[in-house]
């Protein structure tokens, strides 16, 4: 059942650019291996070669001693090697069951065995802890749920080597717990697991061994037990990292609030939500996936209908019918869904940057020079690396895409900025940069709202954190009470 | 030449009301009456071209005139936008309207042979118009315009008038058997005059705009053209505009076809030196076919199995006989 | 507010090499494939018949391309938003019919033919714009797929014209026809009026698409409507304008078309929608939207009429195969297009 994998001198080039350089290491069967490295270190490419999505330019992969090069993912899956993607790779228009069995449909004679597939899908969904009907269309699921479907999909294949690439990036703490239980169970069954994550607490908890890559090379390996997080980070970035978070400014409570929301109801998602935000403050929003945080803010800026509630900006009532009106009153919202809602991946970076503030570059004809100047400035200010103004945004790494997205929503000079999951799919170095950027924006007098599923992030960054559960505000936590246990207790309603 | 929009509307409304009334009375009529009276169905293509518009107009005129003249006669006119729709309408006419005589102008010969045969099998007397069915046993009578003469008459006219020597360009309609029949008759008749040269014949889809383009290109390509056989009066309009634009004076005559009222009027009045003759292929033959069928059936007679309505050369002398100012075509 | 805000005023940031180049140098020339196809076709055309390369022939070809070309420019905007308009041919027919009826009825009351014609031309553009806005409203407010909306109006427009024409032909009165004629036939500076209008429309279209916020929003919506919506773009309004623009283009094409034959019939504008869409797509605009090229669209439109022109100027290929030749050329150009991207 267990499977022994060895990489032997793996090199991969895209054109002239080397992505992997002579990578050699072995994976012991039946253990959980953390594969660490910053974005661009080559982790994803390496596992894609293993799972048949890419071909190595040189070197061999050995499975149980024999050289193997899978021409497609299908052959790899036949051997029990399954990769759960970083960005989900599912068909929107198909149901959960259809996605799980896509390409491996169960048949009874000539006909598809719908009933058996549905039953098996339900079992797999139970196992990953996703409570949705197997007949739900994928497009009706949110990102976290899609990821769980990916994992369920791996389960129904007879998996021997499971590669999880950023599986918890958008999962809530409970969902993560279930996933960890699942990993432990699979390990006990003898499944070899490669676990790619930026979340070091998870790595600490569930992996046996840490393997670190940097700049396309193998850097080192060590047993997880006894390896300090700081040391892991240093191995990844190749330098000392004093602290992830900037020092907190004192909470600015004096003066009238910049934004005051009273009894806002977004039907089906948020009920009677009230909160205030002061200039210079960083306000966090915690909660499980489905708690209604994203929908609340989409309602606030007019992307969803609101049935009741008042919004006051600087003490004056505001009617925000659409994002344009919201921006007019100085509120910008950056969506959690970078690919689908925040950036035009196929459009030039410069065009992405200026889209929300295009009027400023039109006099009346658009001035490319003016847009280029904006791009140059944003690039320096936000340290966007690897970008040419005219190249599509898709060519940037995840972290740089996120910086571009933040820059885009800062271009119209909003006074209130809502960042929804600002560090999802971003490597440690870029995360740190984003944290410092958020602190700086607040220090300049803006009001910042950070919606995040990473509690550590909220605790490290925010002055106060609003915890939501099923569309309602459960608590607002501040100061010394800001701990993981406290936030979780409110989010799960196990407080008292 | 055109009526104003408003009186146009009223006429339309009256017509629509009339059709609706006729349809209602058809539903109300007890089936027993169908035996002693003639209940005639007319199935024709919808008005998408000047010619088919003429067909629709003449069919409705026949209905009005004949129903007035014969109290025992009821006529139901149906227009179809394509062969499948026409087949459906034939079924409805037979089963719902319970016709006992049918005049049908088939969209296509082959596709409608079976549907028409089904109608005949139910004891309906069938007159097929213009396009013959592939199986003639599916019809009782066949009435048609003379497509051979449609091509032959202009050929003979050109050969005679230009002393057996002329450079001719011609236009063709849409690739169909109908068009091929006319084209073969035209080229066949000109074999007798080897000095009449047909420079080329391109399709212009019985459409003014396409004819304009094709003629422009002919004018670019051929420095000397004596006669244009436009093969259709609608296409002749486009041809005339192209010649006018190019200011070419070598062209002596444009010969259309079918006898559209504007062209016939121009011939009658001598208002355009390029227009001197035409060949009749009037949509009025649908009127004649309905009239012949209805009157024969009222008397219990049969029609001759084949009746060809002759195509006639229209010139200034006889143009008045072929000018119908009320018809849309 | 002390700021990280990026403003125009403080010009301290570095200028990239890209910024220094003038805008026309930085336009990417996507029209490659069709341009190559067009050049090849011209070479073949000239070889088959030297008359092809004459000035008069080119004037003819450009003039007859102008109707489809002007519509295709409007269509380019709609396709870039990710939409489609199937009704343009029928719309042109109905506008033509309406314009002629209006002018005929005004002729008696107004007297001056110039005033009548001017009114008729304004009417054509306004009517087209209104039709386009009606499409836009049904698509944005009514939330109906553009394909379905315009498939519906395709039938409605043509049926209305057929009804107005009583199945026959609507003809412009003789005197008006003579005064209106020059709008199609006159040749200021050696080219017919429609060619000039076509060129002006193409230029305006290129500026609008590449150098205005509207054009950028059109691309952004086609590339990903959600992202545009979240970036505070008024998606509904931009779409409405794009369809309105196309309608106005149809109106312009029609007001140039009417003086050519002075009539409208149920066959007017038949299949223009396919030609216009084909011109846009051959020109390198993606059917899925998001990006498009006016230069490519113009090339595509010219290419389509050159195919017909070359076929008319020769008789080496049986007339029965004309449609096949057109099909082959279109597919070959599409292949050239694909290679280059």
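Labels A, B and C are assigned to the chains in the order they are written; within every chain, residues are numbered from 1.
The working rule: contacts are C-beta pairs under 8 Å (C-beta built on N, C-alpha and C of every residue); 3 or more make two chains touch, one makes a residue touch a chain.
Being a predicted model, the structure only gives us computed values, none of them experimental.
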Centroid check, CA-based, most central chain -> C
By Cα centroid distance, the chain farthest from chain B is A
Whole-Å distance, C-alpha centre of chain A to that of chain C, is 44
Taking each chain's centre as the mean of its CA atoms, chain A sits from chain B at a distance in Å of 71
Here the gap between chain B and chain C, centre to centre from mean Cα coordinates and rounded to Å, is 35
Within the complex, chain A is touched by chain C residues 1-8, 11, 13-16, 18-19, 23, 26, 207, 210-213, 215-217, 219-220, 223-224, 226-234, 290-291
Chain A contacts chain C in the complex at 303, 322-324, 326-327, 333, 335, 340-347, 351, 355-356, 358-360, 362, 364-366, 368-370, 372-378, 380-381, 388-390, 407-413, 415, 440-441, 444-446
Chain C partner, complex, touching residues on chain B are 1-2, 4-5, 8, 12, 47-50, 52-54, 56-57, 172, 175, 200-203, 205-209, 212-214, 216-218, 220-221, 234, 237-238, 241, 245, 262, 328-329
Chain C contacts chain B in the complex at 49, 51-52, 54, 56-57, 60, 64, 101, 104-105, 162-171, 173, 185, 260-261, 263, 265-268, 270, 308-309, 311-313, 315, 319-320, 322
